[in-house]
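Shared between the two complexes below is chain A, which pairs with chain B and chain C, respectively.
Let's turn to the complex of A and B:
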């Protein structure tokens, strides 16, 4: 085997199919998107080169920055919710009754497709027949809000199913990481008289810190390019109140027939996500990894 | 030994590549050689949501194939929004189906500019001469050539639940003031007056368009859009003001800006709301559709949009042709494709009336057919129509349409004043 692997040509040959696939499916479209961003193009007829005009317009586009703000809000909330998921996983990983069942229940939303989740929550949020408002009215709230129609509420209303949707995913990751902690370490701490809280805080958390950092990056990047539920539940409305960067891009490219401008926004979305990822990685980097 | 294994692995990869390449060239060879021809056809009536339409299309295809030896129709069905996206992506890569569906005016324009659709004037002068209701084929005309064969013709009317109206002693309103009175009475009795799904935005646009038509006449909105007039015309501002008046008196169901048209429709059909403004493509639900309870169908009536302050012509409608057929410019089987499109339109004209209960864009001989009463009434209204204003978002180019639709949502949400509403439109239109 070593003999094979020492032959550079063979290595290249093995890497080639995957490389080709990624190049064709990801890198080439990426470069093309940046290139289309330089064009005045409705997506159908011939395109016309206009230099950086689209990018300059995008940077001055108040609607784009509003949607960017919404994306960043989502990133903030997803990151904060990680703490909740972590707490839940800590509880699940300690030997409590029914933790196996609970873990599976938390995972169910992940098994549903985004569109199904969206349809489900559209029904929950329905202003007159929805579950949420029916409960509120039964509790004596006279005039419960129309969740998806009020510009000041709609964004936060959609955050709920988005966070719910990914809860299982992060809980699963944390749970696996926590289960990987060698039992003797926890045992030793317990013998030394550490309380469960101290064990969680001083032993378990530091040991899964590297996993936690990865999930922060995942949550932020995932939020910045988030699209599905928003597209299905409100289409970014009412009048842009729940628009995020990806849905704004889609709207421009496919509804407004501004393919060039939409591509420019898409490319900016990539750049913003890249910058944020680098910043987050830098901010969470530590010099030494804890070993056990 | 190991080297040989590696070589074998590589060999397998090459072999599979060869097989794949071989397969794809095989297919091409099949379609071009021999007498067989394949027409690719894409439509947007999936079986689930438009069962009757879907069945008629299948029947038409079957008839066409049996009449034309050696021609097969390769069918692809998508639902509305996916259809629009796919059409766009296909046109970018120059792979449009030979025959497909398109909308009129604003939607059509970029495709015609990009020379994607072929002119169908020869069909209109030949086989289909004089078979369309006037004004329908014209909506597909750009620079003197017609690029689409219209299939449907729709006008928007207010459908209402007669049972609810009777219960509170109400009459179908003929004026805006009467409409306000009806809304007031219904609200006092805790019945939601009007179902509106304004998440889709064009639904609210119907209300605005009608108010503009009644206040300012048939031409004012059209002129503002084609730039022979201004959107800051007092009538257009007043129409916006009237919309907010209706919103302020709780005329529309709660949370309408977050409801889709489907949700609004289901409220109307579950008798949770008394009125619903929609175009006549919905007629089957209130006449022939067996999935809807007979009792409900019997209780639905309709009235043309009321006049406002004594002004306005009730025979002026908002509506227009829905989808039409196009033939791709680059089609390899253009002659057959044109023949199919023409065949489709003719059969559709007969079958859509009797089997789907919708109004085709071709002329209907109502006398010889046994049709539901409401259908006949709508046909009569159509015959007496003095004007049909094409849906605003279809008239406008795509990016202005987006501004219009977003503004409609803001207007109904009372986030914007009628003056600013008009101003935003004017800016978007003059920036063209």
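Let's turn to the complex of A and C:
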């Protein structure tokens, strides 16, 4: 039995195809990004080694830091919106009829492609005929803004479809965690005279804390590498007002042919994401998980 | 809690549902209107006349080809991903070898990395082996990048399979291949179907790889195709709406029929255990 189940040839045959694919298409490119970052390279001509020049330029590049700031603002915003999702999930999980259907309705935007979401919201934000301004004008607002053309508001306007896209996802996760709480625990508190708010705050929240912490990491890391929707909706514009790290990197490489410099930015994106992941994990780690 | 309390709660939940669903309904409504009606009428009005010709026009104008590309690229990548992930998960969870934990760890790291950091070297790799502007570069990239999430969904199920099944099969003189393909794989049908549908959503909606690796119109998938297509019809809202609806219908249909699988897949891909 044990001999059959530890046959080296079989193991290699079954695991190597998958392992080779992720090695060649994920891990090697990640390492190469750091290496290409050391090169002066336009994607066509031969590379020329220039040491840390690209990285030094990146650190002094105001545009890069501006895009990084936008990415971190997005991360902050996404993390704060988790509280809203949590509140909705608490309501949804408190013996509401139709919660299953509602949860599925909430999830629908998450299933659409970023391109479809972006194109739809370009229309929603359209200054003269979009859904949003039609509603605002019907409510008596005279000059509603051109949401995506206004440098001071474009970034916040883009937050709305992002919130729209992910609401269902986080509500789904919190709902599942809340439904995992054993009923007798909540029942006992109720018999002892706890109000619904007290039950939510003192019993349910501590019990799903570990799940909440995982979602914080997901929201922050997801925000730092966010790309598709912004790239399609505004291309980072107007004038860099909605540029994020990934869109800045992508445009450097594939629009300006600065493959070396783009790689350096890409490698910084990787490093920043990893460092932030470690910090957030450490910051939210608890000594002991609550058992129930 | 009083009656009024419940009414307020339902009102809040209903408002969120409206916010989530209304933009899509609005999209469907204007996909059946012409510009005159969209620009002068109320955005919430039903079309005076259902202009299905918007759909015919964009389908014949090139969306049909993108749709077909999306179907076959998504389909082949799903088969490859689920098969390779099942094989790898099987030997990692069921067979005995020293490096199994380390190899599993490598796959799980793949869940965390930002894909954009890898895209420049991937592009130059495909350029060197002449796979740029070749749909197979997309198929293998989808396969590789979806392996970690697929394995994560499969893992839990594989761990709970009873050992007795393997023991009985081996005592009966069954080879490992036969055991895997004839006994284990059919047993994992429920979780495999979850991974199929999650992979379908990911592949169907993927944008950045196709946008980077494919330049010919004839190989583009729907996401990138509609992006270019909308450029041509920039001012014809009805046509744009019809294009977007066509691109999201397959996923919405899958959700309508398999919503429990989608919910299960999304929750287990986010949180383990």
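Here is the rule we go by: the second predicted complex is superposed on the first by the 273 of 292 C-alpha atoms of A that agree within 3 Å, B and C clash if a C-alpha of one lies under 4 Å from a C-alpha of the other, contacts with A are read in each partner's own complex, and residues count from 1 in each chain.
The rule we apply is simple: contacts are C-beta pairs under 8 Å (C-beta built on N, C-alpha and C of every residue); 3 or more make two chains touch, one makes a residue touch a chain.
The structure presented is a predicted model; accordingly, all values stated were derived computationally and were not measured.
Taken together through their common chain A, the two structures put chain B and chain C in a clash.
In the superposed model, A:151 makes contact with chain B only, not with chain C. Once the two complexes are overlaid on the shared chain, A:6 sits against chain C while remaining clear of chain B.
Using the contact criterion defined above for the overlaid structures, shared-chain residue A:42 touches chain B, although it does not reach chain C. Residue by residue along chain A, chain B and chain C are tallied for touches, and C comes out ahead.
Touch criterion not met for A:62: it reaches neither chain B nor chain C.
Applying the stated contact rule after C-alpha superposition, one finds that A:125 touches chain B and leaves chain C untouched.
Within the superposed three-chain model, A:191 lies out of touch with both chain B and chain C [touch as defined at top]. When the two structures are aligned on the shared chain, A:254 is found in touch with chain B and with chain C. In the superposition on chain A, A:235 contacts chain B only, with no contact to chain C. In the superposition on chain A, A:17 makes contact with both chain B and chain C. Within the three-chain overlay, chain C meets chain B in a clash at only one of the listed stretches 109-117, 127-135 or 199-207, and that stretch is 127-135. Residues 1, 4, 10, 17, 43, 128-129, 254 of chain A are contacted both by chain B in one complex and by chain C in the other. Within the complex, the chain A residues that touch chain B are 1, 3-4, 10, 13, 17, 42-46, 122, 125-129, 146-151, 154, 234-235, 237-240, 251, 254-258. Chain contact summary for the complex, chain C toward chain A: residues 1, 9-10, 12-13, 16-17, 19-24, 26-27, 30, 38-39, 42-43, 84-85, 87-88, 90-92, 94-97, 103, 106-107, 110, 112-125, 140-141, 143-145, 147-148, 151, 166-167, 170-171, 176-177, 180, 201, 204-208, 212, 222-224, 226-227, 230, 237, 240-241, 244, 247-248, 251-252, 255, 259, 262-263, 266-267, 270-271. Within the complex, the chain B residues that touch chain A are 2-3, 6, 10, 13, 84-85, 88, 91-92, 110-111, 113-116, 192, 198-199, 201, 253-260, 263, 267, 272, 397-399, 401-402, 406-407, 409-410, 413, 415.
Chain A meets chain C in the complex at residues 1-2, 4-8, 10-11, 14-15, 17-19, 21-22, 24-30, 32-33, 36, 43, 88, 91-92, 94, 96, 102-116, 119-121, 123-124, 128-129, 131, 134-135, 164, 167-169, 172-173, 176-177, 196, 211, 214-215, 218, 221, 224-225, 227-228, 231-232, 246, 249-250, 253-254, 259, 262-263, 266-267, 269-270, 273-274, 277.
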